[in-house]
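Next, two complexes with chain A in common: one pairs it with chain B, the other with chain C.
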Partner chain A sequence: MAYEPQYYPGSTSVGVNRRKHMSGDLEKLRDISDADVVTIMGHRAPGADYPSTHPPLAEMGEPDCPIRQLVEPTPGAAAGDRIRYSQFTDSMYNAPAIPYWRSYWGAINCRGCDPGTLSGRQIIEARERDIEEYTKTQMDSEMTDPARATMRGCTVHGHSLRLDEEGMMFDMLARCELGDDGNVSYLKDQVGIPLDQKVNVGRAMSEEEVAARTTIFRYDNVSFGGLGDAPERKFDEGLVALHHMWERRSKWGFRPE
Partner chain B sequence: MVTKSDTEPVQIEIFPNRFLKPETAQCLLNEVYNVGGITRMMIQGPNLPKSVPYGPARGLPVEENLNILLELGDQALELRVKVGRIWLELVSEDYIEKIKAACERALPCSFNIKKGKFFRTKSTVSDYAKYGNDVDEKMLGLVDPKAKRERDLAILSDTR
Partner chain C sequence: MGNIHTKKLFVKALNKKFGKDFDLAGKKADYAPFKKLGILQSDRKKEFMAASKALEGKRGITMYNPYLHAGGIPMGQRQIVPYKLSTTEYIVEGDDLHFVNNPAMQQMWDDIRRTVIVGLDMAHEVLEKRLGKEVTPETINNYLEILNHAMPGAAVVQEHMVETHPGLVDDCNVRMFTGDDDLADEIDDMYLININELFPADQAEEIKAAMGKTSWQAIHIPTIVSRTCDGGTTSRWSAMQLSMTFIDAYNMCAGEAAVADLAFAAKHAAVIQMGDMLPARRARGPNEPGGVSFGFLADMVQTQRVKPWDPPQISLNVVAAGTMLYDQIWLGSYMSGGVGFTQYATAAYTNDVLDDFSYYGCDYGVDKYGGWGEAPSTLDVVKDLTTETTLYDMEQYEAFPTLLEDHFGGSQRSGIMAASCGVTCGCLTGNSQMALAGWYLSHMIHKEGWGRMGFFGYDLQDQCGPTNVFSYQGDEGNPLEIRGPNYPNYAMNVGHQGEYAGISSAAHAGRGDAFCCNPLVKVTFANPALLFTWEDIRKGYGMGGAREFRAAGERSLVMPAV
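On to the complex of A and B.
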């Protein structure tokens, strides 16, 4: 029987969504053009050549190394692209992805990338043409709600703040706007440089949809340990597994022999 | 905006569950101001920078945050924050229900009103550095230590 990875425990919608993110089995909700993704990332002009930091690997004459023979380089590495990044801020108000799950998704599903998780933002670094592909996958899929997740290279404040009146995550640089038709557009690239024209990144999700798609446990949606005032609290299997890991880790850390 | 009264003053916090757009904030402040009975008011929220503070775009103006004016009574202040919290000192408890009604009229989202003690009563080291020994107690806690009094503080006349 073929091995099936078991990514995450729990039978709640959050557990199911977390498994979806980790496995990469994500629903594609929209199709943003490559040029638009490149424009928002802001590292190169759409259509421009990829600057390189070294010649293509095929021309370099690599040393005789069994690992290099075993591992096929990513397209970006093979071409000698620069390392570039994309960074997302996800609102804690039921954004579909939360920083750790973007990282799990990247680490498990994207070759040659370096995910970094911070308290309210998540960055993935990779060779330029690789990160463009990974970023497009994130923006096209259910990992991203345009209203509650924004690509922010700097001045990322917003994850833990209340939403704006119209349901957008707070952004002090006003990179995005919600149109009358319910679509969200980028007015600036991820570091705040104004774009020549707006980039439409799709319709903002409804409250019901984000509640169903989120990977964050919240007391007012899917609670981690059941409602605090319930007669009998029932912990999510994810919490039981987490307790187990913490117990083992603490004991192991305390008595390493 | 000083209204003399012999009743005990109370302090309340209006906490909307969403950040307010400048137009909504203006509408809310008008409604609250029209209720009367306010001795002090403080508006708080995350900063709206005039220019990009970090990164490759550092120094570029953020057009959306420029020239947002709040008008109240006979004064106008430049709004430099996204309004998320308002502290009020009222001349008496009688005004709380009226303030609540004003919030219901002006706010498109749910909100909480909490009674408590929000403005500090003792001068801090920063206050001493800013105002010296002779500080008017009503000034305490109204603006950040780094704020400029003439830019961020407005004193309204008694007549409304």
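On to the complex of A and C.
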């Protein structure tokens, strides 16, 4: 029988969504143009050549190495692109993605990438044309609600602040705005440099939609440990599995031999 | 079940911060919009701007300008809120909690760095057996009088010596303490740290039993000396004045070879530094923060002595001391530089958040397991206490968006939640390794539930941490009390070390112990003449922030008036 990765336990919507993010089996909700993605990333002008840090691998004459023969280079590595990044901030108020799951998505599904995980932001670095592709996938898919997940290279504390007046995630640098038509536009790139023209990244999700798509456990949506005022707590399967890992890790360290 | 224990201690602080009528539980700013008032909503920032403006002409170069922040967007796009020092009524601005602006915080560290404990017994033996001198309570009193003349920086033997101005070094003092009640009775009160008077009776007996009938000197050299030099100076300054004082007090020849025996016995043979010397790559001598073990710091804090009935309060004061010393001063300045580390540390000692979380866990545990130190030391108990406490903590952040906004960084939240679990497990089991096990489990529950924790390195330490809890192998083991900031897995990041000190103390507070690691350190910091408020750390920080605290190291006596 062929092996099927199980990824994550639990039958709640959060458990299901976490499995979707990890497996890469994501629903595509919108189609943001390559040029718009590149504009928001801010590393090169749309249409400009890719700066390179070395000649294409095919021209370099690589050493006789079994690993190099086994691993096909990504398009960006083959071309000699420099390494660039995109970084997302996800609101703790039911944004669809959460930092560790963006990292798991990247590590499992994106070749040649280096995910970094923090509390308010999650960065993926890769060769430039590769990271552009990975970024577009994230922005197009259900991983991203334009109102509660923003590409932010800096100033990311909005993830834990109250939502701004229009239901958008707070942003000190005011990189995005919600239009009258319900669409969110970027006015600045990910590090806050103003854009020549707005970039529309799609419709903001409703409260109901983010609650259904989110991967964060919250007591007021899908609870991790049961409600605090309920007669008994009820642990999610993810918590039970975690207890098991913690206990094994603790006992492993105690090695009297 | 759990909610019967909730006190929501942080609500009062949040009302003070955001305003009495503010909707603390509102998720959207619709209820109280972000006014984006910028820097001008802070009196302290305005004061800084005015001060900088006044200095510009004199300095001839630009200085503080908050409009340079973030490419022209100043702080204050959200509310700039003040901080309430936990369990106190002090409310100060965040800036007041940077150690540069807070003289009480400076004095706390100064009090540690300028302290060394030196034994008297071996010196007395050499005096009696090698030099034929008689040592009596009278000679000891005479010696202590001379020492309190010499230690601040005065001459005792040679003629035509320079000396220090007493007004600059008035914080310097030396007192002795002993486990021998008969000897203590004979020592002049002004030169004695009286264990029987300062400690509850059971604690006094425990301390005296631990130290036997030995005698020690609690030496605090002048703050201004250790600030001008470094922590390594303390034992050297002390040693020189000690040996000169012995020569004077016991009428000795300054050149006799036997005096070398005395000098070694008096200066070096029984010396306890407050901080161990660090490896060369850290480039720090003894008595610097990176060498102060968690157990020593826990013993410096004196809450255990004055509030023995309140184990969480004892632990929380140690956390406050530790986060300031290890995060703000050690990692934040010695090891890194800049101003960012203060934000991590303040979360642990302001706004009654950690207090609420810790008392919740402790109340739950006391109800379930019967009392302080009475829960079995098992992983099942740790799992129960920690899971309940962490889930409660997470729910408070979820239910009170203003609380989440106050602890806007994941490292703050992770440290606070895990500390509440460490304190809870320590107080309930009386076992510091169980407390540490709870600390790590809490981090993992937080990360799993919210899919986020602190930052790269912060998370690494805690996700692999359970493996070192019960390990006793070489560089990865040790009881928590004798680990310190330079323990291999702890040496790199903020938001941990102060909490480790706090949860070390929790275990002993739960057991009702008189001390955590070293009884001599505990007694030394009971010295009433120390300037910092060692009995109530948070109060001291509040006094410093409110500009009510007068620190040592005054120099205006010898400078022109401003």
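By our rule, the second predicted complex is superposed on the first by the 253 of 257 C-alpha atoms of A that agree within 3 Å, B and C clash if a C-alpha of one lies under 4 Å from a C-alpha of the other, contacts with A are read in each partner's own complex, and residues count from 1 in each chain.
The working rule: a residue touches a chain if its C-beta (ideal position, glycine included) is under 8 Å from a C-beta of that chain, and two chains touch if they have at least 3 such contacts.
These numbers were taken from a predicted model, which means no experiment stands behind them.
Novice: Answer with clash or fit: chain B and chain C placed together on chain A by superposition.
Specialist: With chain A as the common anchor, chain B and chain C collide in the superposed model.
Novice: Tell me the contact category for A:G153 with respect to chain B and chain C: first, second, both or neither.
Specialist: After superposing on A, A:G153 lies in contact with chain B but is clear of chain C.
Novice: State whether A:L173 touches chain B only (first), chain C only (second), both chains, or neither.
Specialist: Both partners, chain B and chain C.
Novice: Between chain B (first) and chain C (second), which, if any, makes contact with A:G182: first, second, both or neither?
Specialist: In the superposition, A:G182 touches no partner, neither chain B nor chain C.
Novice: Is A:G112 touching anything from chain B or chain C once the two structures are fitted on A? First, second, both or neither.
Specialist: A:G112: touches no partner chain.
Novice: First (chain B), second (chain C), both or neither: which does A:F217 touch?
Specialist: After superposing on A, A:F217 lies in contact with chain C but is clear of chain B.
Novice: In the superposed arrangement, which partner chain does A:L163 touch: chain B (first), chain C (second), both, or neither?
Specialist: both
Novice: For A:G192 in the superposed arrangement: first (chain B), second (chain C), both or neither?
Specialist: A:G192 contacts both chain B and chain C.
Novice: Pick one for A:R249: touches chain B only (first), chain C only (second), both, or neither.
Specialist: second
Novice: Any idea whether chain B or chain C touches more of chain A?
Specialist: Counted on chain A, the partner with more touching residues turns out to be C.
Novice: Of the residues on chain A, which ones does chain B touch that chain C also touches?
Specialist: Chain A residues touching both partners: 155, 157, 161-165, 170, 172-173, 192.
Novice: In the complex, go through chain B and note every residue touching chain A.
Specialist: Going by the criterion above, the answer is residues 16-21, 24, 46-49, 52-57, 60, 62, 64-65, 82, 84, 108-109.
Novice: In the complex formed with chain B, which residues of chain A make contact?
Specialist: Going through chain A, the ones touching chain B are 42, 153-155, 157, 161-166, 170, 172-174, 188, 191-194.
Novice: Using the touch definition up top, name the residues of chain A that touch chain C in the complex.
Specialist: 92-93, 98-101, 116-120, 155, 157, 160-165, 167, 170, 172-173, 192, 215-220, 224-226, 228-229, 231-233, 235, 238-239, 242-243, 245-247, 249-255
Novice: Given the complex with chain A, which residues does chain C contribute to the contact?
Specialist: That would be residues 1-3, 6, 26-30, 33-34, 70-71, 73, 77-78, 379, 383, 387-388, 391-392, 394-395, 398-399, 401-402, 404-405, 407-411, 413-414, 437, 440-441, 444-445, 447-456, 459, 464, 466-471, 473, 476 of chain C.
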